[in-house]
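Okay, so here's the structure we're looking at.
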Amino acid sequence: MKRFKAFFKVIRKNKQAFIGMLILIMFFLMATVGPEIIPEEITTNYEQRLQAPSLEHPFGTDYAGRDTFSQFVHGSRNVLLVAFITAVLTIVVAFLVGTISGISGGILDDILMGITGIMLTVPSFPIMMVLSMIIRIDNPFLFGVVLSLWSWAGLARSIRAQILSLKHRDFVEASRCLGMGLFHIIFKEMFPNMVSYILINFISIMKGAITASVGLMVLGLVPFSAQHWGMMINLATSTTGAMYGSTALIYFLVPVFGIMLFQMGCLFFANGLDDALNPKLSS
Amino acid sequence: MKVNDILKIEDITVEFILDSGNLRALNKVSLDVKQGEIIGLVGESGSGKTTLTSSILNIVSRPGKIMNGEIWYGNKNILELDINRLNQFRWKEVSMVFQAAQNAMNPILTIQDHFIETVAAHEKNYSEEEVANKAAKLLGYVRLNPERVLKSYPHELSGGMRQRAIIALSLITDPKILILDEPTTALDVITQAYIFEILKELHKKLNLTMIMSTHDVSVVGSMADRIAVMYAGEIVEITDVFTIFNNPHHPYTRGLIMATPSLTDDLNNRKAIKGNPPNLMELPKGCNFAPRCEYCIAKCLDTKPEATMINENHMVRCHNYEEVIARGHITKS
Amino acid sequence: MMKIVEVWVKKLAILVATILFATSITFFVIRLMPGDPVDTMAMSLITNEGLDYNQAYEKAKALLNYDPDKSFGEQYMSYLKDLSKLELGESMSSKQPVIKVIAGALPWTLFILTISVTIAFVLGVLIGMYIAWNRNTLIDPIVSVYASISGSLPDYIVGLLLVVLFSTKLRWFPSRGAYSSQVTPGFNFLFIKDVLYHSFLPMLTYVITGLGSWALFMKGSAVSVLSEDYIMAARARGLSEKRIRKTYVGRNAILPLITSLAISFGALFGGSPLIENLFAYPGVGFYLNRAIAARDYSLMQGMFLMITIAVVLANLAADFCNILLDPRIKDKA
């Protein structure tokens, strides 16, 4: 409990991290509570298509006359869910690989690092494009799995590096003399300090997952759900020619700003937290 | 200015402007350096030694600022030179061997590059070959192998080698004064002794004036002609080296000498200086050393002591130095 | 010596394994597709070329490098054999050898990427250096804000916004293609002008997205170099500010960026499908996207292989640059 309090104090002090956290909380609420509050509009109403913002439709309507705001809110659930799942899977895999590799050393380490090296070099986005051909991605979990396949490699490497440096630190040697196992040391000593590290990475991975998932949808390779922001952009540019009309612009800009705001939240939070925890000596 | 004074530091005050307040690192410090002498600056960390030596080259690091005072070299005040003349003055008249000399060189340039660019900054006409030859000669003085060292990058040399290379580099433009700021702190005792030998040779050979600052008084004792003792941003005593060791007049100096172990002495006779180093942001109303001083009297808590000239060559900044003298000479059995 | 060889052998092994892995993925994808791709292709060949079923089937097998009747191992071997001879088959959608399509597409991607990345890098480095050198400027917070915003928008979104603004609303620039149909390709002025006109928006997209992070990266690197001891030592030696800025801060600060540059070039290659699709720019990414959409397996394989090779080469270049430019790594490697 004390750790949490200290943690929040750090965030409150750093303005950047604080703003980032606020933004993220706002989106989190939107994704969890929003869809319950705002009714989902499934009925099409072509007479009302591509309306400008009004009291009734704060963000206007889409190409089929549906309220854009409600789509945005409902879409946020999908967007965040996919990003969340990706981040969780990525971190779990990265930890497993990194820890095993770091602790065991030897051939297992070489093999795992070789695999990591390959995964890092292979261009991730084109591979996901290719995989989208054979894997029909129709639920957020599957989407998360595919996205996480290519994001664990970098994190695994840095975790392994940290474990290796720990292995040779003095207090580890001392603890070993006292009879404590390496595993025990890692869990008791290392992990508690890594909470913030994990958090920063978690947010960064979410940020990357959104960029990739929206990208795949904009290309039309993942026909996931019409309410996902990426799909909204895709539809805005293809079917409604938002690029050419004026009211359709709102339908296009809403998900764009949504993405931008969320990514900013991630950026601020991760950077701010990083600054707060690793103060650099600026002259 | 006396006839054989080469450098005259007058009333230098340096402050560091921090978020939490102003830190006065030097308080109206004055010092005359005689031509050809080796003068030692002794004091603990925070006493102001490095700030003082940095001031001479006007490179006090931010957020420090020289608030007032003058430094006279010849008939010019260094602190008022424009940047071009200042750059000419630097290294050509006064050069410096830094404390962290390990990291004083550009990692992407060879040792030879360092020599050449330094000369290039000061001379319009020079030939690279001449510079290389001179550099080789200087490297020879510091007992380094020029063929190997000149072509090397800094990281390819050991700590001691780098230190010696820096010393050679400090002489490439024939300075008159060489400042050495803790020249051997990061080195082992044997290399330390070696380097001091080299410095003594250089002093004789090139008739250099040397200002050597250190926290270890015994180290400078073997080399210096005079020693200036600093405490909390002020010089508290200056005199010749023998008097400093045998008959110091300032309580702090006496404390330093008494605390220094010697090979011929019983460790039990050593006495540490009690108390803690001063907080430069909250200095006492009276004498800075009063909280730790054995000889402290009422006046010391109240008024800052002025500089008293015992004789032409001996300055003490203390209200109660007579009692320090009364304790007698320091004898080490 | 042995260590260097060992390190490079490991690196090369990973590179080869990467290319193998990447191409094997396309190998598996084809075999995992629902339905029988050979049959599908044969059918379309029958319709388009009037062949009978057996002929069409044989041709389909050749075009796809895929013979479902052979065992898995045999298939893989023949696949690899063809790959090593660079026999990539024929594109179904354009009836041209895949190699030819790649050769036609690659220059466009390289053209856009090389120029954009260079501009973004050079501008970013200059801005970052300026901010670090002249502290407390107005530009510093502006750049930070800019970097936050541009770092939050994926590049394809920036591209979309640019198209909406400059193509649709203002009609200043075209939104599709590498050059208009009215111009004849060749080394003539009209063509070159037209190409530049069409490439402006895609390049602007890359520059806008990348500029901010390069500036911040350089600023951070330069600030940390500025706090190094050798900078102060250089000033003490009387070196000019110009020299210090260029050879001391500049060259040392840019080192970590060079590696990033090569790697980011590779990453942009991997992300090319998005921008090229948006601008209908006939580069490698564009054709990859089209091939996937049209289930044109041979083209897809070829383009994917091309992208992988580009990324692998970029990483290799990054390693090389590092070793070349930093004397400290030369010895470790």
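Letters A, B and C name the chains as they come in the text, with residue numbers starting at 1 for each one.
Convention: a residue touches a chain if its C-beta (ideal position, glycine included) is under 8 Å from a C-beta of that chain, and two chains touch if they have at least 3 such contacts.
Treat the numbers as computed from the prediction; the structure is a model and nothing was measured.
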Co-neighbours of subunit B and subunit A - touch as defined: C
In terms of CA centroid distance, which chain is the most far removed from subunit A? B
A-C or B-C - the one linked by more C-beta pairs in contact: A-C
If you average the Cα atoms of subunit B and of subunit C to get two centres, how far apart are those centres in Å? 56
Measure off the straight-line distance from the CA centroid of subunit A to the CA centroid of subunit C, and report it in whole Å. 23
Which subunit A residues reach two or more other chains? 283
By the touch definition above, subunit B meets two or more other chains at residues none
Subunit C - residues contacting subunit A, complex: 13-15, 17-18, 21-22, 25-26, 29, 32-33, 135, 148-149, 151-154, 156-157, 160-161, 163-164, 167-168, 175, 220, 223-224, 226-227, 266-267, 269-271, 273-274, 277, 285, 288-289, 292-293, 295, 300, 304, 307-308, 311-312, 315
Under the stated contact criterion, what part of subunit C meets subunit B in this complex? 228-230, 232-241, 243, 247-248, 251-252, 325-328, 331
Show which residues of subunit B lie in contact with subunit C when the two form their complex. 57, 59, 61, 83, 86-92, 95-96, 98, 100, 103-109, 117-118, 121-122, 153, 155-156, 169
Of subunit A, residues touching subunit C in the complex: 114, 117-118, 121-127, 129-134, 211, 214-215, 218-221, 233, 237, 242-244, 249, 252, 256, 259-261, 263-264, 266-268, 280-283
